Structures are given as C-alpha cells and as structure tokens.
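In what comes next, chain A is part of two complexes: it sits with chain B in the first one and with chain C in the second one.
And then the complex of A and B:
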C-alpha cells in the first residue's frame, strides 16, 4: 500500500469511529478531488510514541515559534502549556483530525510532514502564541488551512487549548 | 458658596439610529475564547458606544438594513463554559439598547475559524441568513429572518464559506478552484447546486477567502496579488478579466496584499482598498503599513496611504465622506482616517483584546 493510501486510510478509520461515515467521506472525497499536492492531506492521531532520534537530529526549542516544526502552526504551543510536540496537556484531548504542513528539518536536511493536532476541552492556554504560514491555504482547502479550530469533530467539542506539532513521516 | 451637584438617577443609555461613521469591531477574544465580544464605535467622536457579548469562538455580527431594528449574531455556547452541551444560536440584538431580544436555535455546527466575513451572510433581500458549518463536513445553515426560524441545512461537500449573489443565491469556494453555485427556493431550501468550471489554481496561487463585493461582482485577490472579478450573471458566476495590484517592478520588490481583512470597497465611488506589505511567499496573513486604493472600473491606482500602525484589517464607511478604519489582532487600537485624502484623524485605544474583523452599517 502506498504511503498516501496508508495516511488516508488511517485518517478515515479514525474519523469513522467518531462521526457519520457517509457524511464525512462524502466531504472527504470532494476535498481530495481538489487536493493536487500530496502533502496537503488530513492525518489521524493514534501514532505510536516515537523513539528519540540521534542527537542533534531535531534541533531547536519546541517552546519557540522559530522551531522548525512550527512552519505552518497557528495557535498556542502545547510545549509551553504542559504538553509537548506530540502530546496534549493533562486533561485535554488531541483533535481527531487536523491540518498538516511540510517543514524542513535543518538537523538532518529532510522535509517532514507535520500534523498540527489541536488539544481540546479547556479554554485557551494563552502561552507562546505562534503563527507561521508556510504552505498554508485558505479555509476552502481545510486540511491545509491553519485557520480552522480543529477541535471541531473531537469528543471534547470546540474548546481550544493549544496546538502540537507531531511528525507523521518524511515528505518524499 | 458653590451650588451642590444634583443627585443623579441610575439609568441605561440608549442609542439613536446608526450613524454613517459607526463601526463594529469584532473580537474573538483569542486568549479567552468563551467570551467573544463586539464593540460599537462612533468614529467621529472617537468614542465607544456599547458592546454585545457573543459567546464561544465568535466570528462577527451581521448587520441588516437599519429598518430591521436588530442585528444578528451567530453564536455558540457550552452549558459549562468550556464543556457540557453545545448550543448554537443566532441572537438578535435590538439596535437601540444592544439587548438580546430574540434567539434562533441552529444546529451546533457553526464553523469555529479565524474570523472571516464570509463565514456568514444575508441574501440580498435580507430574508435569509446563511452560516458556514464545519464539523468537518461542510454545509450552510439557512435561517429565515422573517419567521425567525431555522429553515434547514444545505450540504456543500468540498466547498466552503458563503458569498451571497442575489435574493435567492450564493456561492461557496471549492478546494479545486471551482465554485459551488447554490440557488434557494422561496422557502430557503436548496433549489439547485451547480459546480462551475475551475476558476483559479488553488495549488499554485490560491485566492484569499476575504473577497469584497460591488454590485453583481465579488472581487478576490490571490496570494501573489492578482485581482479575480467573479461576476454573478443569469447563467451563473463568471470570471472577468484578471489584473495585478502591483506593477512588475513592485512585485519584484515583494509588494503583495495580506491580512485578516485585507480588502475593503467604497461602493459609491467604486474604489478598492487593499492592505499592502513587502514580503515573500506565504505572507498572505501578514499585516501592512500601506493601503493602496484603486478604481475598480479602470484598475487604476489612485492613492497610497501610509498607516500609523500595522493594519491587519480594514473597512470603509459607505457615505460620501468616507472614513477608513484599520485595526490589527495583535494590538487593540482602532485607527481612523479620511478615506479620500488618507489623512489620519484619530485613534481609539483599548478596543477589545484581539480585534479581528470590522463591519460598517
């Protein structure tokens, strides 16, 4: 199965558990028809905990807006709010689906697909607000737009707390 | 001996009919999103007149013609503040007292987004209020303002936002660069939904979703600064002749338009106002300190205004002595200019916490 198929299937399975399958897949199909660029894809949560990479492979401060993974983020950095790049602060829930960016890692020279799952269920963390828009698209291209509150569709509802920046994989 | 000051009664102010230089400044209150707000400012006096308190992830008030006596506000609430049962409503506030005088319950699906003018809109005859939903399924809620009832929901798969084009029609923009033309029945149900041909290349140079309307034409600007006129005709929406905001030399210097509400129009003069800045690709949300003014009919640039503070949002009053308003989400200052001369007139400080988009009567 191609990488693209795996990402889409993983996302669709995650969403099907939470919402009307027919309803959502109808929208998804239409969205994908318009998505010509491979990295602009929705992704689901549920990835296994990552193993630490080699020293220097992930340079920078996850609490800084300048950190390489934040190239298309818009919101409060979870690393400043009791969470980290891939885990939500206590008592908040990662959004089921989200938007993704493609960011360049200066540590190893590779481009990565980064999923900006929002953490949901409490009011704004209010710390480390960061907005960067590399490859961001308008609201009519939802899965490439950082202007949605991706807590929509989560069990917790739309109370937005902060945003993570989780590596999904290499952009090839 | 000096006379004593008289004892005073405790009363509440009421407002006269809206003046042409009143402006609503909406605030999503990003640091405390359960507590959205909209502030009404008298720009001539540089004075705040009042406010409404508008709930979770607030977008903007919607202003019908003055005779309606009310304004509309699509809102969302949780029964326990940030949790519990979500209830979405359109709240009606009377224009004299800014008090909630009615409420129309709608499906709890209203899109929670960075505020955008196209997240809601009225049909041209003011009868139906259209509200963009994202759950993440995409649809439009239709509310009948006459009966003050929820009418129904129109699915818009793959397409988002609401751009009214007539008394019974609107379009949404689709992710592939086409539009979805929707016509309504007299009852506000979907009569027809048709996708147009592809109008722009969303992968290479997307249009910002922050279009403005003059008559039968919606004007959008692409990330790279090309104006796309989309005209509603009897046969649907057609793309007119495209033109650039900046000359080739200016584009080479990085001039482009950007912001949260980066375009405004003065309808009587047919003038387009655009926030401009110098930057690279993907600076489409960056604020600017320049507002360039164009005649839409001739595409001619007629004015360049330097702003006092960074501007992420602009609006223009619609009278014959128009004012230009600017604000920016990262400050809370409303700046006011003579829109014809560009002369700075005054600032109003302390308007909300994170002011987003503005609406004028």
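And then the complex of A and C:
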C-alpha cells in the first residue's frame, strides 16, 4: 500500500511541479472557447452539392409550382419540405424508381430530361402540392403514367414525403 | 465498377450537351424503373446488366428483349426501339457482349414486336435458367 502511495505522491508532485493552476485554467478556457467558435468557422454547411443543371439561365423559384422543372411533377415540392430540387429532406430516402419526363427551360430554350425522384420513409410533407403532370398518360398506358407511389421502389417502404426534380440529361 | 463510374461521369455534365438520342430515349422510357446504369432495384426490378449479354446470345433471347411489355408496348417507333436496345446492350452489359452480336434493325424489331409474349416471367426464367447458361 505504501508503495502505491509513493507512486501516486511522486506523480502528483511531478504534475504540480510541471504545471500551474493558471496554465490549466488557460488551457481549459482555450478549449471551451475553441469548441464554441468551431461551429462558426466559414464552412459551407448544408450547402447543396452542385447538380447537373442547365448551362445557361435557370429562371424561376424552385420553391414554386410554376418553376419550369416542375412541368411533369405530381406531389409535394421537396424545396418546401427541407430538401431542394435535387436532394431529399433529412431522414428520407430517394426512391431509385422514378417518373422521368421532359421540361422546357424558357431560360435557354432547351428541353431537359427531368427525373422526379420521390423521397420516402416519412409521412407526407403536405406543403407546396404541385400537380402539373405534363405528358402523363392514363394508367391503362402503364409505362407512361406517373400515378404511382414510386416509394414502393425504395427500401424504406411506401411512406411518401415529397418529390425532387433532378435534371439527368438534355433532349434534342 | 469502372463502367458505372464512367456512366456517372457521362451523366454529370449531361446538361451541357444534348444527350445522345438512344440514351435520351432510355432515360425517358426505361430508366424510371431500370435506373441509370440498368441495375434496377433488388427484389423489385431485375437488373439488365447481367441478363442483356446472356439474352442476346440466343435467337430466342434476342426476340424476348423486344417482346417484353416495357419494350414492345412503349411509344417508341421500331427504329427508336432498335437504337435503344443496341445502346443498352453495348453500354449497360456487365459482361462482354458476344462477338456475334449484330445490332437490331428496325425491321427485325417490327417482326418480333407484334407477336405478344404471353408468359413474360416464365419465358424469362426459362431463357436465363442455368441449363442455358452456355448460351
């Protein structure tokens, strides 16, 4: 026991010799201050990754149903639900199975191929319902109809949250 | 994997130049379910990446690819459907395409297209059964 005492005592004395309370408080202060400042550093937090988009003008408000990319959409706009035109809100999963259509960009005069990936796994967002359905065909033409719950093709099941509008190509 | 990466690279600047017409028609008529690289969705949509090179190795498989409802009942013309199928075989196949593969022509597509396939799943299973794996 006395041996353990001696070891602890020598360690405590060593620490006392090499350090001071002021130094400790200084380090602690720097640590706390640093931890508080860290989240303020200029990092592109939450900035959307640049998606493939029109090379030229891209007029309109992505949060509006009138935005040109939404010409064939049927659902809630992810831009109003915590996501944006090309990414799902946190906590939802994009369905791999999608409705694909073309929309005319009035900004550069080209037609773009747009993939309306549904975001799945949470209950309906309920904001910015947009139901434009350009070129949608009735269900008796099953390969050209968008009236499906595309979340059936996701791993997280059929709970539908909102729809994105990702540009995947440019039609001639 | 390299093919998938190349496809992603090809898709990324897609908006800059017009998409090649056969690929654009694949996007509009097939990609919704088969996804951009043809891998489908496990348990829901079969991958075409493995089955394409195997099916085009036989006359019956070649006919099947045109007769499946998604192809034969699409709104594509015979020439457009032929171009999409040729693009798919050459671009999405995970294994080497048989050297004997000839491109589909519009006339060939037309000749298969109007003969309906009654038992789609059964025909597919039979064509891709291990007994026929040798092609």
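Heads up, the rule we're going with is that the second predicted complex is superposed on the first by the 112 of 172 C-alpha atoms of A that agree within 3 Å, B and C clash if a C-alpha of one lies under 4 Å from a C-alpha of the other, contacts with A are read in each partner's own complex, and residues count from 1 in each chain.
In this text, a contact is a pair of C-beta atoms (placed from the backbone, for glycine too) under 8 Å apart; a residue touches a chain by one contact, two chains touch by 3 or more.
None of the values given here were measured: they were computed from a predicted structure.
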Contacts of A:77 with chain B and chain C, given as first, second, both or neither: neither
Touching partner for A:171 - first (chain B), second (chain C), both, neither: second
Residue contacts on chain A - larger count, chain B or chain C: B
Touched partner set for A:112, first chain B, second chain C, both or neither: second
Which of chain B and chain C A:100 touches, first, second, both or neither: second
Touched partner set for A:54, first chain B, second chain C, both or neither: second
Which of chain B and chain C A:153 touches, first, second, both or neither: both
Chain B/chain C common contact set on chain A: 97, 152-153
Partner chain A, residues of chain C touching it in the complex: 11-19, 21, 23-24, 27-29, 31-33, 35-36, 41, 44-45, 69-70, 73-75
Chain A residues touching chain B - in the complex, by the definition given at the top: 19-20, 23-24, 26-27, 29-31, 33-37, 74, 97, 121-124, 126, 129, 131, 133-142, 147-149, 151-153, 156-160
For the chain B and chain A complex, residues of the former touching the latter: 30-34, 56-57, 76, 78, 81-83, 86, 111-114, 116, 134-138, 155, 157-161, 172-177, 202-203, 206-209, 282-285
Chain C-touching residues of chain A, taken from the complex the two chains share: 52-55, 96-102, 110, 112-113, 115, 143-144, 152-153, 167-172
